[in-house]
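Structures given as structure tokens follow.
Each of the two complexes below includes subunit A, the first together with subunit B, the second together with subunit C.
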Partner chain A sequence: MMSEFKYHRPENITEAILLKRDLGDAAAYWAGGTDLVLQCKSGKRRIGHCIDLTALQDLSFINAAKGGYRIGTLTPLSELERLNADTPHLRTIRDVAALMCTVQTRTIATLGGNLCNASPSADLFVALAAMGAIAQVTGLGGTREVPVDAFMLAPGKTALTGDEMLTGVFIPAPDVPHASAYRRIARTVVDIALVSAAASLTLDRTGEKINEARITLGAVAPRVIRATGAEEMLTGRPLSDLIGTFAKEVGATAAQSAKPITDIRASAEYRKNMVAVLVARCLISVSTELEAGL
Partner chain B sequence: MKIRLRINAHTHEVETRPNQTLAQVLREDLGMTGTMMSCGEGECGSCTVLVDGTPVTSCLMLVGQAMGRDIRTIESVGTAAALDVVQQAFVDEQGFQCGACTPGFIMVAKAFLAENPTPTEHEASQAMSGNICRCGAHPYIVRAVLNAAGILAQQKGSEHEQSEL
Partner chain C sequence: MNKVSFEIVGKGVPVKDANQKVSGTLTYATDFGVYRMAHGRILRSPHPYARVISINTSKAEALPGVIAVLTHFDTPRLNWEAPWFNYRGKVLDGIARFVGDEVAAVAADTVEQAEKALSLIAIEWEVLTPVLTVEEAAAKGAPQIRDEGNLRPSYLFEWGNLAEAEASADYSVSCDIRFPAQQYAPLGRNACVAEWQGDHLTLWTGSQTPSEVKDGLHEALGIPQSRITVQALPTGSSFGCWWTNNFMLLTALLARKAGRAVRIELDNDECMATVKRRHEERSRARMGCDSDGNLTFLDMDHVIDNGAYGFKDDVGFTSPDLWNGIKNGRASVTGINTNRVTAGCFRGVGDCTLSVAVERMADQLAEKVGLDPVAFRIKNQISAGERFRSLEQFETEALQASGGDLLAAVPPDLRDDWPKLFHLSSGSPLPMLRDGADRFRWNERFVGWGRPHHVDGPKHRAVGVGTGSHTCGVETEGNSSAIVRINPDGTAKACCSVGRHGNGSETTLAQVAAEALGLKLDQVEVEAGNTDACPWSHGSIASNTMFRTGWATRAAALDARAQLLAIAAQECFDDVDQAELDIRAGLIGFKETSGDNRQFSVSDVLNLMRGDAHGQTSSITGSSRQPMPPTTTFSRQFAVHFVEVEVDVETGEIRVLDYLALQDSGTIINPQVMKNQVIGGAICGLGYALYEELLFDSETGAVRNGNLLDYKVLRTGDFPPHAKVVFHESHDSIGPFGARGAGESPIAAAIPAACQAVYNATGVWVDLPMTPERVATALAKAATGKK
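Take a look at the complex of A and B:
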């Protein structure tokens, strides 16, 4: 049973932000609300005011932009899974969205909600952080950009302050070969990830050498983290090195970055072991895609 | 708060509270108990209704989020005397036992077949994956969806013939 709250339905971003400023911490922006409603139902969270963003439909969009793509914060997962993706990162986003919750909840749940809920196991969070996506934040003080990998501070806590709202993300699409992949282990399709990993590689112009590697891990720390040791192993290496056992070695190094806990879903030891497996699988998927020149 | 909801092509004025979900308002305030509530956590799909043509777990949607949108519930699908094609297909294929999950399945199937009139078995089972039938009728349910797709295609074909005559 949800406790009582007041309901507000702003018609535009400015109105929403002014409400948040006036109502303060007692108020919550309500995007799809599929996580918030459960937290309120279970009593884990009590809010005094719901700022329902349903009317802000101009924040639901997927657009090409200079050097990449912008996706609006209110874009539902069902739109992401229908992406007619012709670029590597958007293909990954599409595949990740299709894994999440269920057909009839993906129509409500939003990109921004998944990021702002700030769960260390959030699927899109892990994938976007690997891609080097940038969160677009707007408040009365102006707009600012926060790299997605720095957007989560702790479980349920983001870099947003005061009246700030996440309005969308920018996903880079460099004009050199690049690709990304996401893998997770979940008990059932509906359950959240027990452990997850994403990898993103950007090559040099010749398509032979790895210029930038980003590896992110979900559900193995209080926030989505990067496996910097594993990234360093990859940077500057020829892509062809990923054939053979090297992907497994990188996976094992990534597992060193994991600081998992034991909980009802899995043991710390299992999570750590699976990080090695998932990172290797991501890397094999990414290198296969890059070798195929997609 | 007093709100207006557009449900099954009728406008309803409801006195409710903001912390109510669409599922609660449908069942408790409007007496439309065809929409079932089982898990209340968006996992079982039995509360599925269509909002602007897309399936939605109504137990996760605040009633405020449903304002100004076109809501369709199982009450708008067929009548006891004249079942909808999808309902008849569920009967013919025995796509249920106890029936508690059936309205949710039917609503998802309606939306799915509108979007994909010629599904493969795999596509149909993927589309039905957000609903749980605890009696275990899933294979029969997928068959029912495929059966309904076939009948709808036939009907469309004969309409087309008639219009050509």
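Take a look at the complex of A and C:
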């Protein structure tokens, strides 16, 4: 049963941050509320104050920016899902958003909410971390940047301090060939990831050599993690190496980075085995896209 | 069989409450309330098995807003039973038998006050050692958790000569399969409102068994049935969940103590983990055939976990009837109680478990013999007219009980119309197997046992076929009755106690009544939930609704029609023989047009009577006056399902690509309603095959996944949108306009079809549910075994 709380509706970012600073841990930001309501109803979380951010509609946007794209924290998943062919770079984000929850819930759930809820199985988190996205963290003194892969500290815990707010993410789009992919294992069409992986590759100007590889894993550790060993295997290698068994070898190495647990959704062993499969599939998908794009 | 044409029956008219449903204006149980009602909440046990030593309610009672606290000191020491032993126990008895069991209840002005008061009830518990599995419960020296003991006497039936058949079988296979507990996962919660006027109780709740709710109140409260009115309200879905449930009786007792109407609404957790579920079951069996693939024997021991208050000693087992080729057999079913949430009947009870075991063994035998699954079924399954081999013992017992001639006691005018008892009267899976194989391009897509017909990397595609059957209602707890009233304005109401749980009976039974009366469909409405209006009928259970209650509805309508025509003949048609008259679209006239084209509307006739001071009646009440024959001895419904799946052999994920469902339920009263019923059954069956499984805590037996995040039901998006449904309408000589039951065979056919398709895609039989992890593990194990 829901406990009683005080409701606040700030008109601007500063007002919101001041409220959060003054009210402390008893206060929770409300973006779409799709996770928060369930947590409160189940008694897992008790809040004394709800800071409703829905008046800050200028934080709902998807804009091209220098060297990439900016997406506002209050952008609903349904807007991400509607991204079109004009932004091929954000195709992975679009595909991931379409996988999440239900059509109805996607109209209220937000990008920022998904990141700040800090679930190790959060689909968008895994994809954005692989894409090298940067979280825009606004405090009273200005905005600082935190790489998304460092934004989650533990389940439900982020790098935000008591007087900060996530205002958006920047997704870099370098002017050299690059692509990304996300894969997950889920049960029915409406589910959270039992285990997930994302990969992004950035090539050199010739489009033949892998300059940077980022591989991220979901639901296999207390936070979304990077598979650095696997990334190292890829860096500096020719893209063409991914044809053949190499992708599977990289996947197997990525599985070594996974530290999953057994719970009612899946066993640790299955999760670990699936990391290898999913990473390999992400890499094949990315390399196929890059080959096609050349 | 000649296809008779009907005016209203057979038309896919929209359900009568469609607009209300889609516009959100239909009053479900959770939408209902009465003036000045209080709100109740239930205190539930944290222990799987414990006795209340003392219970102190003074702090709870002192809380502002609290009106009454009900404990086991306030409740009658009476056992009540739900139909077919789906529940046996007292409303409260001071002993908790599962985590979540009801211990006390509070009524207060608000839900919040009631909820708060629960936390102020102080209980001293004597914690007892629970039994959490059937194995523990059956062990020697196990704690006995019920007065009657943990074990029900085994239900046993035998036919033919098992020992001989076993010795001479050319092939035999065995199995030991555990079936998970499925949750009804009802869409929509349930609520109950109880109000006493003096010593008369009125109770509103979502139920598919209004008459049985009245029975349960009578038994549990010890009050006369004449002082009970039940108004069953629509439920979101039910499938066996909302019959008579203990929380309804608790609401009635709480209202009596509070001296005010009380409403209790269950929350999602309570719906998922404290009411009811499918039994967890285990089949250990052997089956054999000769070298031509003719089945020779079945030997099965089956155990069901009744949970705390289920009391069943059998689950439906019509599979040996379907596989009538099994010439010799023996099957035992044993019900065992455990300290887990109550288990009971769930859509396709038995069909989804022991019949699935039979289908798997049949498939394994077919592979050994080298026959395709369609051919093997055609060889061994039943056709109309055949004698049910597995009912041999019941036939003998029935004959002995009746002194050798079972029909002697039945009046001759009835008996003439009865089909041959203990023989299948109509329908068969065989024509559907042939037709379905053709439509599904089976011969192209089935390329051999354990072989996919299409492989793209790790994605293996294969097809499977499964069959299912079920009874069409059951007569053993009483014949179902119905009443049809013709109002002075010429409209009619059919009163049929079957509830409204999304199966469209408020429309399909109206179609039956309208067809029989000769009225237009919009002149006939159905009251399906009020026990003052409706005579006793089994609820919408055991696929009873259309067959048995529908039969009673038609009989009542014909009775009303005959009364009306008698009056019309006398008053309007110069005393002609009423047999010369007919009612068409609400108008009474001569059957044969012989120049006399006089017509009177039904309301004209009744108004004539009304205007006559000596008129005998102003409205007409028709009722079903004759018993329906014992239909379990001759009627069955059949389903044949074909499915194509794609299995990812690396991840274990399964996608359903293509689906064809064939259904033989006799005449289809409303093809639209029936199509939904069949597809719904297929989705529910595939859900059980692929994902659905209640998980229980190993220490406490508490449900661990009582939510829809981790209890996965299939969504429409998981089911192929182009799935097809085909009806084979083999006319039934008894059922209303040739209809039989339909609700439960579809789920039964879906499960084995999926299991077989996965086997054909991977070469491995996977136990239920075939989750990605379970499939991947089974494949890895098989691969290791091969090395």
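FYI, the second predicted complex is superposed on the first by the 288 of 294 C-alpha atoms of A that agree within 3 Å, B and C clash if a C-alpha of one lies under 4 Å from a C-alpha of the other, contacts with A are read in each partner's own complex, and residues count from 1 in each chain.
One rule holds in what follows: contacts are C-beta pairs under 8 Å (C-beta built on N, C-alpha and C of every residue); 3 or more make two chains touch, one makes a residue touch a chain.
What you see is a predicted model, and the numbers here were worked out from it, not measured in a lab.
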Touched partner set for A:Met274, first subunit B, second subunit C, both or neither: second
In the superposition, subunit B vs subunit C on subunit A residues touched: B
Contacts of A:Arg265 with subunit B and subunit C, given as first, second, both or neither: second
Partner chain in contact with A:Ser287 - subunit B first, subunit C second, else both or neither: neither
First, second, both or neither for A:Val189, with subunit B first and subunit C second: both
Which superposed partner A:Arg9 touches (first subunit B, second subunit C, both, neither): first
Subunit A residues contacted in one complex by subunit B, in the other by subunit C: 189-190
Contact set on subunit C toward subunit A in their complex: 111-112, 115, 650-651, 653, 691, 695, 704-705, 709-710, 712-715, 717-718, 771-773, 776-777
For the subunit A and subunit C complex, residues of the former touching the latter: 1, 185, 187-192, 194, 264-267, 270, 273-274, 277-278
Residues of subunit A touching subunit B in the complex: 2-7, 9, 30, 33-34, 37-38, 40-41, 50, 52, 54, 78, 101-105, 107-108, 189-190
In the complex, subunit B residues that touch subunit A: 1, 17-19, 21, 40-43, 45, 48, 51, 54-57, 60-62, 64-65, 67, 108, 127, 129-131
